[in-house]
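In what follows, structures are represented as structure tokens.
Shared between the two complexes below is chain A, which pairs with chain B and chain C, respectively.
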Partner chain A sequence: MMDKKTRDILITNFFAVVLGLILSGIMILFLKKNPFSVFGILFSSMFRDGYTIGEIFVKATPLIFTALAFAFTFKANLFNIGAQGQFYIGSITAVSVSLLIPSALAIPVAIVLSFLAGGLWGGFMGVSKAKFKANEFLISMMSTYVALNLMNYLLRTILMESKGEYPQTESLAKSTWLFKIVPHTRLHFGFILAILAAVTVWLILYRTTFGFRIRAVGQNQEAARMSGVNPEIIYIISFIISGGLAGLAGVTEVNGVQHMLLQGFNPSIGALGIGIAILANGNPIGIIFASILFGALHVGGTIMGQLSGVPSSIINLMEGFVMVFVIISYFVRRKWEMNRDKKLLMEGNV
Partner chain B sequence: MSTPFFELKNISKYFAKVIANKDVSLSVDRGEVLALLGENGAGKSTCMKILYGLYQADEGEIFKEGERISIRTPRDAMRYKISMIQQHFSLVSAHTVTENIILGNVKGKINWKEAENTIQQLAHRYGFNVDVRKKIQDLSVGEQQKVEILKSLYLDANLLIMDEPTAVLTPQEIDNLMEFVENYSRKGNAVIFITHKLKEVMHVANRIIVMRSGRIHGNVLKEATNEMELSRMMIEHSIEELDKGEDKREAGEVCLSVQGLTVVPRNEVPLLHDVDFDIHKGEIFGIAGVSGNGQQELCMTLCGAMKPTSGSILLNNEDITHLSIRKRITLGIGYVPSDRHRYGMVMDMNLSENMFLKASYSKEWNNNGIINRKKLAETTSRMLHKYDVKAPGPYALARELSGGNQQKVIVGREVEFCGDFIIFDQPTRGLDLGAINNVHSAILKEKKNNKAIMLVSTELSEIFALCDRVAVFYKGKIQGIFRTSELDSQKIGLLMAGYTHQEVV
Partner chain C sequence: MLINLFSRAVLMSTPLLLGSLSEVFSERTGVMVTAIEGIFLMGAWAGFTAAYITGSLAMGLLYAALSGLLVAMLYAYIVVTLKQHQIVTGTAINILILGLCSFLQRVVFGVPLSPLTVEPLQKIAIPLLSKIPFIGPIFFQQNILTYSIYVLVPLGYFILYKTSLGLVIRSTGENPEAVDVSGISVSRVRFVTVSISGIICGIAGAFYSIGYLGKFTTNMIGGRGWIAFAICFLGNWNPIGAFVGTLIFGLAEAFAILMQANASTILPNELFISLPYILTIVLTISRKSFNVPSKLGVAYYEEH
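Presenting the complex of A and B:
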């Protein structure tokens, strides 16, 4: 028999999704379209062919990284809102490495250096938090704009394509592309890298002394300090790792998907990552599945926009509704559990 | 039989996983002082919070003078002239006494003169020596409590509920409070006095209701009972006789030596002033004093969380004054903090993780940074058994345990994994008698193991029962160091109140 907790999670999450769909369905009604046929297109289009299914995982890949980035600092009770900026720094590094070394060697070098560059960028926030008690929420958020403008600046100067027409780099040499893991799709090695990253993060957090200390600081900084842990060092290291994870998304998007860097590159994966991390309650394995869900909605939504004449932004709305209801459902579950315990006590003792 | 002033009938309250109150019926009459006696967690406060509208009962009814009433919020309670003074005061520390008292009862333009006069008169009538223009932050805890009481009087309350009102007071302040309670009830008001101290009950109450695990276990008039009977009603087990061990005259070698320790925050009065003492191996050294006289700072400085302004700390003749917390843990300093929720445990982690907290840098349970979870869980299970912790197992969350059992886990951790010197900062505060006995015997056992122990306590009985020597703290200074056999509670009370050694002897 399924235990009651699991049953609750399934029921509440199911209703959260359904309610999200109903509300966005009402939005579709306002556009004078039939929501059933629109949703029909949404779901059928997700699975219409192998290429589209592959696309779901392609979209999920960078989300896994940015969600992990948020979750990692979240465990230390820190808020890294700037995964978007760390992703840009990682992207700049990946594209530079790949342009300088136009061979397969570029891939491992880009992976290492993007991690380090994103980590360094994130590390600044950790240091300012640790040394100057700066508000990491604000700093990480504002640093995104610095990174964005740094990228735009580079795209108009030294990284600009040789013709000098568009703010984008040259296309990367084919040898520097991440290889495909499923033929006839765009699904590339980056997805495997993302899964590995999620598993590694889980192992670090729940199996190592270092991860233990991060969680201890996150849940009770004072008790951790009294146990000899230096919270300041934990802040810095968590931010370095968090920034590094977001930086890796740069490799998967530059070397795996776009094969170049251009202005306005994936502008919302940072924000989505935050939502996904919360949806998965910060659990690295849960993040994989939540990212795939959002990848699917995104892919389906894009096609739906093309086929039904409904603006694809309705899918963002739907993602938002689902997210709000999922968060509410967490509290509903807690209430149910409490009532159940109460009832047991009443019956057992009357 | 006359109709009771207030009556609770068959009240039950359930929290997640616990029965807080079960079928509680009690009443209080005008002019009566009712003591609600019981161990911590017996359900006294919960029951009174229901009467005050902070909690809603799951079952049961409340009556005032025979009429059924519904109290859903403290505001309702105030309308029925019920007032409750919480264990932790609810005062705005940056505001004056007057501002605090009229807060919530003023509209429009405030006539300060009138308000101040009314409150000052109220204070005089009950013999409270409080300056109504002073800010709360400049008042002592005892005075703050008077402000809380004045707040109730200002609202014209007829039923005053006091939750452990004496916990923070000096003996002299307690006497004053008792006087007030008698005075107030004589005017036809009722008082419900929540406490777990037998002596107070016998002193102040007309009638005593004993609670145990959420239920009522006795309802007696003071004249018809005595302390022994009450303690039997309160607990299911008797207090163990403690074997203190022989009072060693010639001490073992010095383990911890504190010399001229001073902590002065910038532009403030010293928190610790020129503190000197030695603790020997096999000795329990008590730190007595009303809380807030430098004990916390002493503990923090010794364990490394606070930097001394001057002075030095030697552990086994090694200067540790400037070492980090982590190094001091490695050198064998154990610390059972007084605020275990804040400093001692991570509530949302499980017990084995909490056990691991101080050992995350030692090689004991990890191989190259990977936690050896099996070994850790086994050790934790063994510890839970050894220290008689009532818990489902090593993977239970710390939060799910009762306060006493949480404390047993911390005591076990500090005792088992620390070397020579252990600090116990109010280790039994807020615990029930069973857990107190448990902690006391653990402390005595460590003494037999020849460890040096520092015991900070505000409970004199604890100091006398356990300590070989005691230092009395007052405003960050040591008033004197004595063998406990040389002192009695009268003398130590005066020292705690600031009298010097010469004045006392």
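Presenting the complex of A and C:
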């Protein structure tokens, strides 16, 4: 028997998704298309063949990392909304490593260095929060734009392809690609890495003293300090791990999917990661499933755009609606919980 | 050249100041408008679309204000009425609006073969004042939105510090219990303030589309809403502070545009584009004394 809280989360999130779909359906009416047939195409195209199903997991992979990045600091009541920038730093590192070491050795080195590079970039925010009491929310937001411009600069200078035509790197040597885990799809080792990351994050948060300290600081910083936890250290380490997780998304996208780095690379996975973390209520295991849901919407939406003439931006709209309803459902759950408590009190069962 | 730079700085400051001024008022009541990036974008889209269809910039500004109001009311409903988390809600709304604007752009205009443009707001030279050497061309040959900030800053300062309304606004962010006890609804003060901020931020967004470029793209706001948000912090939640902060940022942005146009080869363009963002980071870290409204970001539960 599932506990009442988990059941509430599943029920309300289900309705949030359905309401999001209904509102997007109404938007489709503006295009003078039949929303039912459009949604029919959306859902049937997600599962039309093995390759497409594989794509769902390919799309979910970086989202798991950016959602974990947000969730990790969120547990310490910190806001890292700059996962996008940490992802860019991870991507720059992954592509540089893979171009310098064109062999299979590049993969483990890229994984370690991208984690460290993203972690350093994120750690800077943790240090500014801990040492200067700077607003980490603002700094992480602004640093995303700095990372983007850094990437753009490198792409048209030292990382630029030798043809010198487009702002992108050379294609990576095949030996540096993440190997495929399912034949005839693009599904690569990065997905397993993402699952491992989610499980590790869950273990750290809920099964270690360090995770307990993070959550204690998140619940009540002063109480945690009184009981001997140093919140400043927690800030710094949380941000390093958070930035590192977002940096890993760089490896899975560069070595796993694109096999190069190019301008305008995955511009919205940071923001979507926040949405996914909210949808999953910050739970690392929930994040895996929520990411797969968003991945499926993206894959279905792209094909739908080609087949039905409905622009694929409807997917972003749908995700936006779902996120807003998910937030509203936090309110609904609180209400339900209060009513339950009230009932218990009236029955005198407390 | 210098006149050109400063005059552009004043121009670029306009939407940032409108945004940060509305942010100052909302945050003084305890509500951060983290949906500001989305409101800017919505205003930019609605302003451009209405101006393109009706051929009137005034209609553009009107629709920008209305659309900003709607987004702000949605935000206020979730964070004030339903008391949900402000940063999380703002992020969700920003994603929603980005999707909405790219979708609506496609619904209204399809896939246009040539770029769609409108004639941007005209510069109006103020008689006599615009003839003052140096200062005249910088401050008094601007468009009507820029002139509006000359009025709004002192007016905002006056309302916030010299009227009973301002006292209510400031108390709502500092000591909502006292406001509640005196018979004023905390939620209503917050809801109305955020809504009015939405109107002003919608107009600020329209500044980017119809104020000087005369076109719309979904990435045109590019974090400017967040910069306005940051200026409110850096200006210590004070209209005068916001004014000074905005001028610095306007100057940074004007300088960036100037350097890009002159294609200096010593330093990369990307560095100049990053300048306002780097500036925000440096200032956020180096500022020591902040007068944060004590209940900023904290939901208030009324006693019943």
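As a working rule, the second predicted complex is superposed on the first by the 329 of 350 C-alpha atoms of A that agree within 3 Å, B and C clash if a C-alpha of one lies under 4 Å from a C-alpha of the other, contacts with A are read in each partner's own complex, and residues count from 1 in each chain.
Just so we're on the same page, a contact is a pair of C-beta atoms (placed from the backbone, for glycine too) under 8 Å apart; a residue touches a chain by one contact, two chains touch by 3 or more.
None of these values were measured; they are calculated from a predicted model.
*Asks:* Touch check for A:G320: first (chain B), second (chain C), both, or neither?
*Replies:* After superposing on A, A:G320 lies in contact with chain C but is clear of chain B.
*Asks:* With the two complexes superposed on chain A, say which partner A:V229 touches: chain B (first), chain C (second), both, or neither.
*Replies:* Once the two structures are laid over each other on A, A:V229 reaches chain B alone.
*Asks:* Regarding the shared-chain residue A:F212, is it in contact with chain B (first), chain C (second), both, or neither?
*Replies:* first
*Asks:* Touch test for A:F30: chain B only (first), chain C only (second), both, or neither?
*Replies:* In the superposition, A:F30 touches chain C alone.
*Asks:* With the two complexes superposed on chain A, say which partner A:F289 touches: chain B (first), chain C (second), both, or neither.
*Replies:* neither
*Asks:* Give the label of whichever partner, chain B or chain C, reaches more residues of chain A.
*Replies:* C
*Asks:* Going by the contact rule set out at the top, does A:G275 touch chain B (first), chain C (second), both, or neither?
*Replies:* second
*Asks:* Taking the superposition as given, does A:M346 touch the first partner, chain B, the second, chain C, both, or neither?
*Replies:* A:M346: touches chain B, not chain C.
*Asks:* A:E337 in the overlay: touching chain B, chain C, both, or neither? Say first, second, both or neither.
*Replies:* first
*Asks:* For chain A, which residues are in contact with chain B within the complex?
*Replies:* 207-210, 212-213, 215-216, 219-220, 222-230, 337-338, 341-342, 345-346, 349
*Asks:* In their shared complex, at which residues does chain B touch chain A?
*Replies:* Touching chain A: residues 12, 14-19, 22, 58, 303, 305, 324-330, 335, 337, 342-349, 353, 356-358, 360-361, 366, 369-371, 373 of chain B.
*Asks:* Flag every residue of chain C that touches chain A in the complex, lowest number first.
*Replies:* Listed in rising order, the residues are 74, 78, 82-85, 87-89, 91-100, 102-103, 106-107, 222-223, 226, 229-230, 233, 268-271, 273-274, 277-278, 280-281, 284-286.
*Asks:* Which part of chain A faces chain C closely enough to touch in the complex?
*Replies:* 27, 30-31, 79, 81, 128, 132, 134-135, 137-139, 141-146, 149-150, 152-153, 157, 268, 271-272, 274-275, 278, 311, 313-321, 323-324, 326-328, 330-331
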